[in-house]
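First chain written, first letter: the chains are A, B, C and D, and each begins at residue 1.
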């Protein structure tokens, strides 16, 4: 239930982020026992590179606390969509916070909004939609992969978000978003291989008073066909963009500063080869607080295409 | 003649870069007199925001010197392709140094290389090719615009580069690079609206021992069609890229540092409103050497597509 | 429905502007065009209006035209290309010489034409008729020409209701400095990383963004929720234009408590000792405006401004109650500070370090902090300080590239210009 | 023709490697594959060879295979997709469950298959036959699978002649630190901004790029031209691998004069006073290797390395003449320094400021200077120093974004990863 609202202490059943380092965090369920492969109920022990954690011990602990591992320590954090996105098991390709933030902003999602999403995928983006629209809005999320839809539905319930979301197993390109949603949505989001096929359904699902549309596509051709269809159906404010986040690696660097002035003067009288080295390269060291890019940056995530359905467009 | 090789002093007839500031430089011809619109020979006076320059005075001066203007001063620099690209009259859209550098590198242009270029355009890129291939190579440059071809030919001669370049007025998409150039080129460069139409001609012009190819296109569809044709004709190492240069704006910024600790203590006894301000916001200032991007960056210049024609591909 | 007192977004093609529809006499200025807003009253938002020339005065910078607005129907908005029925175009530009003599109409002719006929399509038709080179240009080049002319003579405006999305575009385009250079991608990430939503209690310090940051946070907190925001600022009066423009319900507005940084910290540290109620008349600098009927003018964060004085005069009669009100706001804020916050957002023009030191203890453990700055060097220092302190973990300094694309058949490419600075964000999570 | 002693580039699909073909016994290692180079001798460059398994040893990290190379014809290289004639593909991945059981062949089976049949296309054919999910995958997914397998089992290599273009790719991919992180775009711009070409006299200081920077400059200076390069370095021996790999004519090689920074500056400042010829036996640190028959091993620029000692031993018999040679090189360099240079390029691991101060007076007026660093903060300081000094104008600090694209029908997008650091260039023009 740890996704519904900010809370201070870990309760049994919470998903908890075990934070080891920037590159190592894990989402674990705060339950004292688990059932192993043989069907036996055993104590819930979580293994990390810094030793094991007896999960029972973290129940009742304040979020943000340091917890002891058998060979070190870690911190327990309350999960949120950002941390969840970084720790969830990668069932499908997922969209990350920089793109998602732009999606939420451009779709103008705020509490009370009705949002239609396809596909659900790992549910990573759904968590962001849910944070932004609860407690007064609703998310309708669709996936053509039955197991994924079931898993996401289960997860939302477990995370305390079940009241704000309906998960559908449905092929929206062919079948649309169900007639129950006709004219019901403030915003539609598509992450589909052929978004253009679903644009007419998005058109139907959006409110008569208008609404916002977004499609996320890795390839430019998908965006091109999507825009063609959007234009045909009377969407406007059509706009495509890429958001690429760069991290700055901040560290203190120590640099040698060499002196060459002494070379202008003749060498002091010969005092042995050992001394040679020292007079040759007088160096001091200076510290610099520097920032640089990491060696590899995200070069592309996807193209975001946004559009507005203006009000009062006849939908017949 | 100031483009042929490094030289120290301005001679009559040289093109000279009059450098006023980072954003203000001008290419002027070092001639004492010019002919005005009425056909009269008059003294060559060049007007700048810092007053006028009597051009006669700079003849014989050492490059890099400061020269006096009637209301200020400037520096005279020997021109080179970089400075020329920044000062030349924009007759067409031009390619800038970051892309050009990559083109020269990828086409492996060095002294002795035979390069085919289309279109000539403003001749900006041609100057780079010429610097890289002279004194032992040759540039064949084509433009379908007759006036542009004539102007470029004239300019190369005037710049002392005439021996290393042949300028053609010719529609290469329809007519190719002339049979005289069949199998003659080490590298072919295309900057054309429909590069795919000229790829078969590039194929013919490249040496039987193989060579390198580049096409510069603003739009992705041009690159797509170009690559389709390159693939069909047996080119390999096909690779597309964008180079975007970012300038860092370096300046010293002075920032206020505020103190809030004093608020933890009760105010000193009331000593009048005038003093209030002073005790309220104790501030010190600190200087930082900072760098940032300019407000507007080049977001796109063009897509560079490179390819290799392997050796011994039959050209029948 | 468009109401008197509303802020409205006026859109003419891609140009947008935020404007207060303060009275029936109000006019808006779009370049050389002045438009009367009167006829907007009680019309639905998103309507399109036609600009009709009423009179032309010759001003300093050429003709100044006064227009009235007429509500018009969607199908008046047809593509100029369709209207003109342009068909023949040259294959390329090889025969075109730019000698400035292509247009036979003189500028006086065009001015006259403009007064005589109200429709941009007719003006453009005349321009095309009188152009010597138009029909030999490529289709691409023709389109470019038409778009340019259409932009100049376009006679329709749309009236839209301000949203955070529309306002950040307007503010950033018009004067990015006024919102501390916060770009759309950065704003969107501040909202994500801070986790601001319908539940929780949030703390914001900003030294002036025209109200954009508090408005964006309040917008994400939503109507009829329990979330609260304490909005600290360094000046006399909080900048609130964007907040007012959103026209949020009163209950939502009241959940944003705007307080002066110094004043509220003194209240928090010292409580009643700090500000005896009898002292009310002598608090010029720390005085706070009440929440609702606010000036949209932001004061300079450094020096007490002269506007301050004007405000004092205008609210003279309410002085006593107003002064009580800022004290009440300080008390409300101070109570929330005692309970601690669920996240901290900072966008300071000053060095963030000391402010962060004062505010960080007010944040619960396991909560996000988000610090914005245009100056990476400052965040580098703050990053190192936080890292050394051990009070905040998962520290990251990030910035963004934002590339917009032109996607058109056979003419797809990234836009030729991009904005250079997203600003920088330092993010992390507090520890116990 | 491939000759003994040549450096060669071995290419297997997109993987490339620089290798010395030092003797007929030489072998090269590509992952787990060892290949004998013997059969390359006297074959033309750009030929393709087939790797034929000779024997398989089980090593620590799985099977190690020894291959001989057989020259093969172009039409052996057909697309794997064509060979396999794959046609049926699923519409999407909705029915695919990744449970690790898709491939019926076990890894032992595959190992055996690999020894038994020499052709990757046959191995892949078997893998596809035994995959339960291959034919229900989308075409996109099938392609991805085939490419992955093709990469693993591909049995052809191409032998290419090293060029600057091929080498900067190899060096940067294998260990960017060894070339100080100089990326292809940055290298190309160093060449442009420095103006290095067939005319002129150039000055380079670098603290170690595997010879890449001097090689790139010498390459741009060309064969049979009058251009000269003085190449200063801080170590005992210049790093020259890339220079040797280019196999330039002797006259061109000799126009690159490699000298120790300290040693040549002392020579320049003090002339004969500095190094009496009789002192030859006692100059271990400032000793320079002669130009041609060089070790490709770069010494560490900071500490005198142990390799130095080995070199001394091996060249023991030529000691006297070698020592004379480095002195001659210092003299040649010093003469060019007297005449001053047409540009200055620096790529220092040390703070560039003092080195620049020593070298800037050696550059003629109106000439470009180009200073590379991976650390922007250093160039910021140097920029401010130069700006204040007034000795250099048109100062710019730049860096680059390099985006590569996948352009395929319906699958066009920028590559998912990009290298993060181009490094920074400080450029300007000297003034009189």
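The definition used in the following text is that a contact is a pair of C-beta atoms (placed from the backbone, for glycine too) under 8 Å apart; a residue touches a chain by one contact, two chains touch by 3 or more.
Not measured: the values here are computed from a predicted model.
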Between chain B and chain D, the fewest steps along chains that touch one another: 1
Centroid-based (C-alpha) most distant chain relative to chain C: D
Comparison of A-C and B-C by number of C-beta pairs in contact, larger one: A-C
Inter-centroid spacing, chain D versus chain C (mean Cα positions, whole Å): 50
Approximate Å spacing (C-alpha centroids) for the pair chain A, chain C: 27
Rounded Å distance, chain A centre to chain B centre (Cα mean): 41
Centroid spacing, where centroids are CA-atom means, of chain B and chain C in whole angstrom: 37
Sequence positions of chain D contacting 2 or more other chains: 376, 401, 403-404, 412, 414
Per-residue overlap in chain B, given as positions that touch at least 2 other chains: 220, 242, 246, 289, 291, 303
Graph class of chain-chain contacts, one of line, ring, star, complete, other: ring
Each pair of chains that touches, named by its two labels: A-C, A-D, B-C, B-D
Interface residues, chain C side, partner chain A - complex: 44, 46, 163-165, 184-185, 187-189, 191-193, 195, 197-200, 219-225, 342, 364-368, 376, 380-381, 383-384, 393-405, 407, 409, 412, 414, 424, 429-432
Chain A-facing residues of chain D, complex: 92-94, 97, 176, 234, 261-262, 265-266, 269-270, 273-274, 282, 284-286, 302, 304, 349-351, 353-355, 357-358, 374-378, 403-404, 410-421
In the complex, chain B residues that touch chain D: 4-6, 8, 19, 22, 25, 62-66, 75-78, 80-82, 97-98, 100-102, 104-106, 108, 110-112, 128, 131-132, 134-136, 210, 220, 223-224, 227-228, 239-248, 250, 252, 289, 291, 303, 305, 310-311
Complex contact set, residues of chain B against chain C: 144-145, 147, 193, 218-221, 242, 246, 253, 255-261, 263-264, 266-267, 273, 276-277, 280-281, 283, 286, 288-303
